[in-house]
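Below are structures written as structure tokens.
Below, subunit A partners subunit B and then partners subunit C, in two separate complexes.
Moving on, here comes the complex of A and B:
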């Protein structure tokens, strides 16, 4: 009986070990796919910060329960009063991580994948994390690229696949460009915020934000377009670029037009009836109540 | 000739005692509703005075009525281009203060106030905001204020007078006033109808009553500006404009409008006039001094066989033509020439005519004796307390001859009746007065009778509306025979 029981435990443990060895690579495999699809745009594993933090060894830094809560609803989690979550949110300049519509199992598989990669990817060079610094740009082509990006941004050139131009939802403060939409975040400083070319191109090739995901689901941007936009956004973020908001001809023209219009109204309707015809004696009446 | 029928009216101002019964009758029936409290479709003004809404006669402020434009007329304040220019903001509209802010009192406070040292009072509350207000003015705030600086001296008609004449008018001995009841004139050339961008206003074919279709009104309020008499009002609660309907439901059942019916002084007369619609444009664009005469020309003789024939061709019922023959308005206006339109210079061809008041002559009191400035009390026409020019500004677009003529007629009738009843005037004096304006004794007696002794049916000759026939145009009345009438609300215990 005792022997039998021992053998059963042994059998179970062997079986579970077997299952585990099978399961782990399987989970890691699913985890890889999910990571690339949902996380990789903003997060790296051991390659430094992109939009969000480097996830290397995240399984060691945080409990599984913590990660699950953060991924599924970061804002709700922060509001619930978790100090660590708040600290991260503040560290990344209040950049909201979109809530991920993933099952617990899928998230666990991602954690498993991250754990597996954290071990092997130690050797990944840090320099690789900021490819924009290593990339050299031809200055002559750069001006062209920025202009192209601007035209895309403003919608003067349509995106090849018919996506909506950036300005319909976003604003940037850039030279004499007219103000853009206020539906989404201001992109003036996004180049630095999102981690340079890598962050921007990653974000644009598969946008993680729900509204943007929907908007570009069926009409993704091409690599050329992303490159141009990235160059443009870098130029926007350049503090040396002359900020001419005060001299905006549209604003000044609008003000002058406004004054001319009001002057005309005063002239054309100068005989209009402004006061009550009784105001003469109404004004002289003595008040009996305060 | 394009003969149409029109319900027209005469108000005899000599008989008006300024009791406002007409206004109250109208208010109780028509404008005792939310949003309509400030409206007085019928109001009584004191002249000289500023009226309601204040200074309504001044079209430099309100831009109402028509302007002569060559051989035709065009609207002063609105119209195609001007209307379009101001369609979203009409700058000449009266504001609520130009009328008055309607109010009631917190009567409940009189009953529910806690015991204290002072008497409880009912404070006025606005009917617009519901808040306690300081009452600044009302619809007849100038009532009986015949010499007041804020009302009488602000009268718009005084502008036609020289400063000396104006000053003389307000000397203590000369100070006077009379009343001017006003309702919608149901004009032949209504500016309100012409101004409406939605086509919501119309003039009824059968009797010329001007109405606002509440379904079609879209609150542009052009009619409020366009009506020079300011008799179209905007209901802020329903978002529609409203105006006097001449109590057409009462007219259709043979009753006089409420203000006519309730008139204590019996000053009001109502009857049918036949007119030639082809002449409207020409007459509306007549020169100022000819306006009154020209307007009389548009009304046709209901006894003329040619007129009767044309009227019948236009579908006017024989009963309406007969009513036109008995119309007291026709007598006052065309036969006796005693009635004049109010402000004909607005060129809307109003259908409400006034017999001007025969005001007392100038006089002064010395040592307790009343001295008239004229030879006798009966020769005061040229020295009336109100300058003829003032009356001419009200009733004849500045034509003083018209006023003098009417006043002389009125005076001749009085002298004739004085001769008949008291007999203290010499025959020569009376016949000279009668002869001057070609009046014979018989006509004078008729005028006297209709002025003083007339019955309801003589004062209000209302044509049958033939509703029994008009309903047959819409439905076959035989279809519903037996479906209405006497019945049971609950099934009886026995029977059936």
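Moving on, here comes the complex of A and C:
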């Protein structure tokens, strides 16, 4: 085209260099910090199952290579036919562990940290302990709390710090609620799956899934909001709940909208010039010739 | 590595190519900053393709821009279920409109000999990327629904991180939606090829057409009647149109 091939290549190479320099300073991460940030919400070390398995002595149970593969892409690893990975996936009710965007070194440092913690007395700094579900809630308050949670979930009550509502990405089958998002996991039975209040509040106070982390990084949920959501999700987690997701209104709504738009276009440009000014003359002359 | 390539390198290369290329084209090939209209060659079916296509894209473009510039406003608007449904259905309608228009325009170009004479290779590329872009967008909206909300929640931070030269690709590279990744990659590809294709015409949108007065086209057959005509007042609409 107009730009010579050489100059295009030059532009591109200058910019790839530029991009490369931005990428270089990947800070070395230490195991403890990474564990707390990325793993601690779903895994404990020696304190029992949370969302995922207890990682105590995981370094003795699995090879380093196995752990690296699982952490970086659990689904791909399961599909590649690893029986152990599949067994764990099934044991935890098909809960997908999100792929962690960590370097090999970072994961190795976490393994080293887990090994160190598994050894002796478990340090108090390890993430939250096993769920304690003994808290009693009185019924009148509970109904209020569930309703509050529902409003938060739907977005009808905005989160105090401005986070997006749950329904953007998640669906629950609940009474007359509209179909929720399908970008992330269906939450209808998440209450039991995640181990009740403790699991949910752990997950919501520091979400381990990258997209969710990003969404709530600068606008975290408050403790009250988490409590309400947890109560709502407990109410949702009901075996009698309808198991079919609500209908997706987009196709019908979109087609109706398109027809309205098309009608509007025809209406506005109704008086457009369809034939050329001289088409009559032209037609007559063609007729004479033939 | 692939993620770094697609979500960091590609955006910067695309934006740089777009900036440098567009300025170059405007300065050195100014008369080619256009879409080379073929309306004179074929106008009737053009209308049924071009209109739905451009209105669809126009609203979708500004929809995405608003989500990028004012994410919290968008989340607040979507707070009410009815408003969420309105914005989603309306956006989907514009998407269908753009797809309909594109298909009509492709059909026109394939079947009309006059239009084929002015078709170049880059037009084929344009149709291809547009098709990928629109179909992936519709699929994202349909299969990963309530996109207007999660766009504001985690895609806006990613796009902003590009512009402040601190790319954060964790969210976009691990998100569980192939359609979304295709949509993002093809969007940056479109930005990259703007200067080399008919896409440039969106940079020189003739805004003043909206308020400029009618132009009179006069055939100089009868000099005398032209001299004595009273129809030459400023801004009078011609009668044969």
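Keep this in mind: the second predicted complex is superposed on the first by the 196 of 290 C-alpha atoms of A that agree within 3 Å, B and C clash if a C-alpha of one lies under 4 Å from a C-alpha of the other, contacts with A are read in each partner's own complex, and residues count from 1 in each chain.
Everything that follows uses one rule, which is that a contact is a pair of C-beta atoms (placed from the backbone, for glycine too) under 8 Å apart; a residue touches a chain by one contact, two chains touch by 3 or more.
Note that the structure is predicted; figures quoted are calculated from it, not measured.
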### Broader residue contact with subunit A after superposition on the shared chain, subunit B or subunit C
C
### Task
Would you sort A:76 into first (subunit B), second (subunit C), both or neither based on which partner it touches?
neither
### Task
Report for A:143: first if it touches subunit B alone, second if subunit C alone, otherwise both or neither.
neither
### Task
Return first, second, both or neither, reflecting whether A:257 touches subunit B, subunit C, both chains, or no partner chain.
second
### Task
Have a look at where A:87 lands relative to subunit B and subunit C in the superposition and call it first, second, both or neither.
neither
### Query
Should A:287 be classified as contacting the first partner (subunit B), the second (subunit C), both, or neither?
first
### Message
I'd like to know which partner A:182 touches here: subunit B for first, subunit C for second, both or neither.
### Response
second
### Query
Who does A:279 touch here: subunit B (first), subunit C (second), both, or neither?
first
### Message
By the touch definition at the top of the document, which applies to A:167: first (subunit B), second (subunit C), both, or neither?
### Response
second
### Common interface positions of subunit A, toward subunit B and toward subunit C
269, 272-273, 277
### Task
Could you please specify the touching residues of subunit B with respect to subunit A in the complex?
50, 53-55, 61-62, 91-93, 95, 97-98, 123, 132, 134, 136-137, 150
### Query
Once bound in the complex, which stretches of subunit A touch subunit B?
269, 272-273, 276-282, 285, 287-289
#### Entry: Residue numbers on subunit C that touch subunit A, as the complex places them
3-4, 8-9, 12-13, 16-17, 20-21, 24-25, 28-29, 32, 44, 47, 51-52, 55-56, 72, 75-76, 78-81, 84-85, 88-90, 92-97, 100, 122, 141-147, 149-150, 152-154, 157-158, 165-177, 180, 195-196, 240-241
### Query
Can you list the subunit A residues touching subunit C in their complex?
1-3, 8, 11-12, 15-16, 18-19, 22-23, 96, 98-99, 101, 154-158, 162-165, 167-169, 178-184, 209-215, 217-218, 248-251, 253-258, 260-262, 265, 269, 272-274, 277
